[in-house]
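Quick heads-up: structures coming right below.
In the two complexes below, chain A is the common chain; its partner is chain B in one and chain C in the other.
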Partner chain A sequence: MRNSLLPLTISLSLLGGVSPTVIAKTYMSAEEAKQVMFPGKYFSKVQFEISAEIRKQLKKISGIHHPLTNSQFWLAGDGSWFIVDEVVGKHEMITYGLGIDHFGNVKEVQILQYNESYGHQIRELSWRKQFIDKNSIHKIRLNEDIENISGATLSCKHVTDGIRRLMALHSLLLKKLKSHDTL
Partner chain B sequence: MQSKKLIKSIIIGMTIVGFAVHAGESNFGWVYGLDLQPKGKWEVEQRLQLTRGHATGTYDYWQGRSEVEYGLTDNIQLAGYLNTYSIQSAKNYTNPDACSESLSSCTGGYGVSGAFVEDPSYSSKGIDGISLEAIWRITNPLTSPVGVGVYFEPTFGRLKDAIETRLIVQSNFLDDRLQLVGNLVFEAEKLKFDEEPIEEIVLDFVGGLSYRVAPNWSLGFEYRFHNDYDGFSFASQTQRAHFIGPNIHYANKDFWVTMAMRTQIGGDCWAPGDAECSDGMVWDSHGRNEYMLKVGVPF
Partner chain C sequence: MIRCKPLLGTFIEIQIDFESDSPKDKKKLNLESVIAAAFREIERVDYLMSIFEPRSDISIINQTVSLLNKPSLEIHPWTFEVLQTAKYLHEITKGAFDCGVGHVLSRWGLRPHMEEFSHLLGNYSIANIELEGNHSIRIHHPVLLDLGGIAKGYAVDRAINLLKSYGVENAIVNAGGDLRILGSVPRKILLRQLGEKTELIDFGKLSNIAVASSSSLIRDESAVVQSKHLINPYQQIPIIGEKVFTVTAKSCMLADALTKALAVDQNPNADYFEILDAKGYLVQRNADISKVYLV
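This part shows the complex of A and B:
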């Protein structure tokens, strides 16, 4: 199921993507990214508490100080997740969408908002597809299992750290949640 | 887009120099960091510095530097500067070693020849010369605990010729929003505005921090520990001074602006440079206060 959808996902990503040479603040809405990653799948937006202990673990795992307070979460009936998160960019925040399939693997990454002078190459599929099928047992670290893009180091590093944090959150909390558990 | 290309062409033409290298977007007024232009990218930068205030009277030294930067590789950046200046000096020295005994004040300072010491005022402005610059980032503070780089800048001008080198060290914290940067500066210079050329060595430490307090905005401060030595050796120190002040930086994808000021908190002079001091301060090319404005536009 997962593998059969992969070519379709990549094709849709290409169609939905924008040339990385184009500079614009918003490339894709959260809804558009969700449809690109999970065509036709129904998600419910959910809210839940993240304990202080889990936050502490996430900070240790990811090294990120910026809190998860602005992140948004959607849960599908089969346990798939779609998450919109933000990480620190060079000048402004970078907003990205992360899809996690019901096996707990990365389905896809999309850059939703990017407003920097340089580093737009992180929107290229060749960079984003490095995350596909990764899960919380993988390192998800720049210059280890995720290659850097020269000239876009800060953006690559922070988005990679952000995805590592979300995959850790999935392992520690999200995979245990059902829709009726959420607040 | 066309206008950006035109501006770039004009400034490249104005510099009439090859490419030298200099740090890219700078959160600091005088401290150089390791944020370089990516390979193949250009940036135009304009700096305007004012050194203001000596012992008394008037001393304003404006220095303009128009710069073009280019990323030769992701870790080597080149730049070229066109340097301009404007000096207004009037009865600004009180040191009896600088002024004759009959004068309570006289005219002097960096850029002012000793021939004008008894004149009520001195004014000069024009194109000073050019500088070339190269910086090599050995380790990147984004991916290493400590970023290290080296910097080389020869200057050829009417006021002075100089070769400046810097060892740049930078560490980032808190999602790279906090930058701690230090530069060890070594400069050999020949001052050319006086009746006889003066050779000296400058050995400085400049350092500071900058914290991104909100998207696009950073605040910080920087410090300078300045030392001058007579001739091209460290045998005879002639000046020592300390400066400190704040900086503010705004940046978005289209341009960035940095403003900084620093004030002299004290200094000493020794022979043969003791005429440059009074009231526990060093004058010369330094002021009570120094102001910096930088504007950069990436292409």
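This part shows the complex of A and C:
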């Protein structure tokens, strides 16, 4: 169930330097989430263009500034959607799966992966840079033993905003798409 | 197997452990549905007790403003159970724990504003609600309830009880920091202390217990900031500071609620901890566990 982080752990441990702790947890894969939400349903992965006008509206509705470039979309024959999206905050990066049923309602949300950083050194850096920039001097320690954290309640507002953006995208664009329209 | 969903305004994690060689492993296919059922319990608590859900029991109580006939309302048994505990804790903590401070949160802009009757809500508390038979309550004076200090813990307990009813022996349910461990396997618990530099404090290994924490520090998009969500109900002022108020107890509902009483009284030796078989811990900034004030 938590297999996907292993290669990442190895590559990052070679980076060296002093550094913040990262709590990284993988709950389920995109495929598992799709099966849990829509058991047995067949989906095709689709790609499409989002016009500048729609992008502008999405930003306004959700308040999220980072683009949707990493999101992945799957469409079923009956018009259900399964979407994997990520929300990036200063301290966390969360990947989640959203199921939208054929009526256009939220069917289910599952968090796929949750990464959280500790230590102020990391605060100014974007997550993408942390994970992609192999020259980063920041060593990231992934500790999979850390599982049970008590403390001030962390808000899931970022994810809620992300879902609002995807639902807006659904009403502005996705619900009009059929699988043969996509690129 | 571990799953996570955004509910109750936070991230809820449900983890079920099973011995790989036990006969129960054959039921592996069902684990997903057992966890899904536990999440549904939490969604139900949210639906019944959220102030953001206009048809929740709590919203209906809050909208009942008649001063004339002390109206009686029948509510869901779960909401009744939480109010029963809330009232008991209000008494035993001599008012330090009070769910009737919704009007203060509303006045500070932390909750939807209820202007039309805010003038009625001066010093009223959960004491204005009387419990009756058949899961009914009588409202002696309008009050704005907010179960934000107890419902999350109750939701965790409901999820744990559901897992138990399916025969699960080892599990952890963590509602954004309010957690409960089912089973005798010791689990490592860390306390997250937000601050200029957020730290994790080792709280040791625990089993068969609930652990909850509260702090007036919250993390918004760019920084750790003081929030006014912890309230001193006597003076109706916010509790400000960097301490983390942590409580261990048998149930997560008690642990969650007692963190609020601890934040108000700041006294881990208060008699109610012993009476309720709970323990309070004041966790100071930069303190390692050896310096944490243990009861």
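Details
Assume the second predicted complex is superposed on the first by the 117 of 183 C-alpha atoms of A that agree within 3 Å, B and C clash if a C-alpha of one lies under 4 Å from a C-alpha of the other, contacts with A are read in each partner's own complex, and residues count from 1 in each chain.
Rule of thumb we're sticking to: a residue touches a chain if its C-beta (ideal position, glycine included) is under 8 Å from a C-beta of that chain, and two chains touch if they have at least 3 such contacts.
The structure displayed is predicted, hence computed values, not measured ones.
Number of chain A residues touched is higher for C, counting chain B against chain C. Using the contact criterion defined above for the overlaid structures, shared-chain residue A:His91 touches chain B and also reaches chain C. In the superposed model, A:Ser150 lies in contact with both chain B and chain C. When the shared chain is aligned, no partner comes close enough to touch A:His170: not chain B, not chain C. In the overlay built on the shared chain, the residue A:Gln110 is in contact with chain C alone; chain B does not reach it.
Within the superposed three-chain model, A:Ile64 lies in touch with chain B and out of touch with chain C [touch as defined at top]. When the two complexes are overlaid on their common chain A, residue A:Lys34 makes contact with neither chain B nor chain C.
Where the contact sets of chain A with chain B and with chain C meet, they give residues 90-91, 118, 148, 150-154, 157.
Within the complex, the chain C residues that touch chain A are 1-7, 9-11, 13, 15, 32, 36, 152, 172, 174, 176-179, 181, 187-194, 196-200, 203, 211-215, 217-219, 221-222, 244, 246.
Taken in their complex, chain A has these residues touching chain B: 23, 64-66, 87-88, 90-93, 115-118, 142-143, 148, 150-154, 157-158.
On the chain B side of its complex with chain A, the touching residues are 38-39, 41, 71, 74, 140, 142-143, 174-177, 212, 215-216, 251-254, 298.
The part of chain A that touches chain C in the complex is made up of residues 1-2, 21, 25, 27-28, 36, 89-91, 96, 109-111, 114, 118-120, 145-157, 159-160.
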